[in-house]
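These are the structures in question, set out in turn.
In what comes next, chain A is part of two complexes: it sits with chain B in the first one and with chain C in the second one.
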Partner chain A sequence: MTDLAIQTQGLAKSYGPLGAVDGLNLHVPRGSIYGFLGRNGAGKTTTIRMFAGLARRTGGSIQVFGLDPQYDHIAILERTGFVIDKMLIPSMTGNDLVRFNRAFFPKWSDVLAKKYAEALEIPMKQKFSKLSSGNKTKLCLLLALAQGADLLVLDEPTAGLDPVVTDQLLRLIVDDFANDGRTAFLSSHHLSEVERVADWVGIIDHGKLLLEAQLDDIRIGYRRIRAIGRELPTQSPEILKLHRSEGMTEYVLRANADAFTARLRNEGATVLDVSPMNLSEIFLELVGKESHVPVEVLA
Partner chain B sequence: MYLWKCWRDVRGFFFVGIAYLVILLVLAIRHHSVDANNISLLWVLWGFTIVHAALLCVLAWGMGSLGVGGEIGKGVGAYLLTRPRQRKLFLWQEWLISMALLSTLLILAVCIFLAEIRLHYFGFGYQTTAMPASDVFHLKYIMLAGICGLLLVALVYSMTYFFTMITRSSSRGLIFAIGTITAYLFMKMEINEYAPHLSSHIPDLVLVPFIGHASATTLHEGLFVSILLRLTVILLFPLAAQFVLERAEV
Partner chain C sequence: MIFRVHPGSGVPIYLQIESQVKHAIAAGGLNQNDLLPPVRKLAAELRVNPNTVARAYQNLERDGVLRTVPGGGCYVNGQSPGLLKAEKIRRLKPLATQLAVEAKQVLLSREDTLKLLEDSFDELGDSHD
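And then the complex of A and B:
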């Protein structure tokens, strides 16, 4: 049995000439909360649809619990709670949807459904079509959580929600789901939310995975170094990105900042500063934004 | 549980059909509408069944447009198709439950007709001397008339279901299905008018099981082959819909 809940190798999906996902190599460890980050149109939703067997890959491979969604999607769906479009059957009430969903999942828990309905204050007697956007999302999450899944895959779970509901949902995912050793995979472009709950992150842009790392490693290892000097190194495995302007060189390093700083000094450079980076800064570096606009604005 | 959802979706149509049958029953008891002294009651039975089948086609159009294709169009596809069931099961459960309900409505309509005949000719303790053809109560003929009606309803329902699937829209599916039936009828009419020698090669929308009049009525030649061919065509629609659904990207 693999230690990965989800693994993709060279995963590709194209719609005619348009490549939505291009050679994606993801590794989602079991028991992790994996934040899948990217701008709108980066390929996040397409990737998730391929996990669920809703879209067919045009190249590469996917394994969810060691199974291929294209051929074993029933077995995957029995163990995975997908929240993708946040659209349920409009004519059904929350209670109807619980009743409807119950029959599909052997590990379904009415106790959990009732608990989440009360905790999240979802009006279960109201038709889905009449619910507010926040309550719709909460109900989708309730159904996914109560099915007793080993893996939760959420596509933009907090999009369009107010901060209170967002907080409720994130706490639910962390406290009630992931603390049991189960895996949560959530796509988002709200970096602060992901930074708050995730322990792994993957950053995708234009269908390509730009970064996959543990969040702790990012916090510990990623540094921005600004230095002045002549003929400073431009090639090194730890260099993630490099900018040069007016005699100053700015490095974004993925690791070994201390050793790299020492090397710069040995080569006669003046190191102006070495600063840690947060997820937003790394995201901006990777997706190629030159100016440091707050990422939440981009979202 | 998916059957429960299917039932919820189409029950409105079913109740409309039941309400219509109740009205039909009341009318049948109050007014003896069947006057079959001059023609075979078999023809009356067939005509009655086809008229009611045609009325049921209105419900069949509605029911057919509520399939899983319509759900995908409404954005429910990602939810529905991430339930751990094979896609074809969703489709066939929907198809079967709607067909069962439409069949029930047609069978009830035929039963009302037969009850009316029985009341009219054999009721109230006397037997009329004008009973033209008691073979109307022969199970074989009743079934044949019912099958002809059901084939029409099933064709309309299956076609609508298929178009709803490929267009992923209830309204577009409905329009395509109505358009196809209308176009076929128009084409048949034009062929009858301008190329009558070809007319016999183009099957009627409604299967006619009998030939002849009054007491000389007999079964149409090749009737069972026709029934089988029409059944095949009808089943091709859900099969094609299954083919589309199993390959559909949502």
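And then the complex of A and C:
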């Protein structure tokens, strides 16, 4: 028995010559809230569709609860709530869909469905086709949450939700999921929400995983150091990025900032500041273009 | 006790919770034998993973700040002076560094800077022990 809810090895998906996902090694621990981050078109949705057995991989392997979605996707669907395409039967109301879905899931809870309809403020008597896009998303989330799953896989769950409902949703994910040791995997590019709720993050760009780590370890490790001096070191395993301008050098370090700062001082440099970085800054350093807004303007 | 965490500050959330508990004890907001909110409840309130809150409580227990009664929650221990002093120093260190940097920047001598600090203490009166 593994303590990973989802694991992939060398996972790949290409559409003809176009590689959407390229050698992904993901490890999603049970009981975690895993934030799967990437820009538009980075390969997030393709990856999630492969988890659900909706897309066939072209290489590598996937295990969801130790099962392969290509062969055992029914068994996986029984234990996993997926919210991917946010499309349901248009002529059915929320209440119809609750009655319809109930039959498929042995652990379905009407009590939970009612609670979520109230918490997320969903008009349950309207036809799906008449709902606003935010309410469509909320109804999809309700159906996934009420099925009593051990794992939730949500693709951009907060897209189109207002801040109050987003906050309610995060609370539900923490309270009803993580608190029971169940696992939530959510893709997003809304970094501030993920930063709050997630304890693991994976950052994907151009189909490749750039970083997978515990968020608190990232917070401890990553530092921005600004220093002045001649012939400062440019090579060190912990240096992620190096920016130079007019006698000043800025380092972005993955780890060991204290030791590195001491080394700079020993080599005669003046260290101006060592500052922690939030997830959004780290994300920009990892996947951003070189020519983004200068740091002085952001500060 | 009201907790507030700042996910974007670059400080691990479990450390933020730890320092808020320690701060509340130092400031008299939490007293010996006060009960802390259960892990699940605090996690839901803060919208953070319960593992993160559990980690903060475990670290506080290891430091002797809290004690856990099996099935009965987390309670505040008596104050341990050694720990609190270390905590105070940890808090003030960045300010001291900042003062030293600024002094060097404007070419104020070490003696004058220390004198400045002493003057500030004098302005506060002799209430410290």
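Criterion: the second predicted complex is superposed on the first by the 288 of 299 C-alpha atoms of A that agree within 3 Å, B and C clash if a C-alpha of one lies under 4 Å from a C-alpha of the other, contacts with A are read in each partner's own complex, and residues count from 1 in each chain.
Here is the rule we use: contacts are C-beta pairs under 8 Å (C-beta built on N, C-alpha and C of every residue); 3 or more make two chains touch, one makes a residue touch a chain.
Computed from a predicted model, the values in this text were never measured in an experiment.
Superposition model on chain A: chain B and chain C are shown accommodated side by side without a clash.
Contact with chain B, but none with chain C, is seen for A:Arg49 once the two complexes are overlaid on the shared chain. With chain A as vertex, the superposed Cα centres of chain B and chain C define an angle of 150 degrees, given in steps of 10. Applying the stated contact rule after C-alpha superposition, one finds that A:Leu88 touches chain B and leaves chain C untouched. In the superposition on chain A, contact is made by A:Pro276 with chain C only, not with chain B. Of the two partner chains placed around the shared chain by superposition, chain C is the only one that A:Arg219 touches, whereas chain B remains out of contact.
In the superposition on chain A, A:Phe105 makes contact with chain B only, while chain C stays out of contact range.
By the touch criterion stated above, A:Leu77 is placed in contact with chain B alone, chain C being left untouched.
Touch criterion not met for A:Pro233: it reaches neither chain B nor chain C.
Of all Cα pairs spanning chain B and chain C in the superposition, the closest are 27 Å apart. According to the touch criterion, chain A has no shared surface contacted by chain B in one complex and chain C in the other.
Contacts from chain B toward chain A in the complex involve residues 1-2, 4-5, 8-9, 71, 74-86, 249-250. The touching residues of chain A, when paired with chain C in their complex, are 31-33, 167, 170-171, 174-175, 178-179, 192, 195-199, 215-217, 219-220, 222, 275-280. Of all residues in chain A, only 49, 52-56, 74-75, 77-78, 82, 84-85, 87-92, 96, 99-105, 140 touch chain B in the complex they form. Partner chain A is touched in their complex by these residues of chain C: 5, 7-15, 40, 43-44, 46-52, 55.
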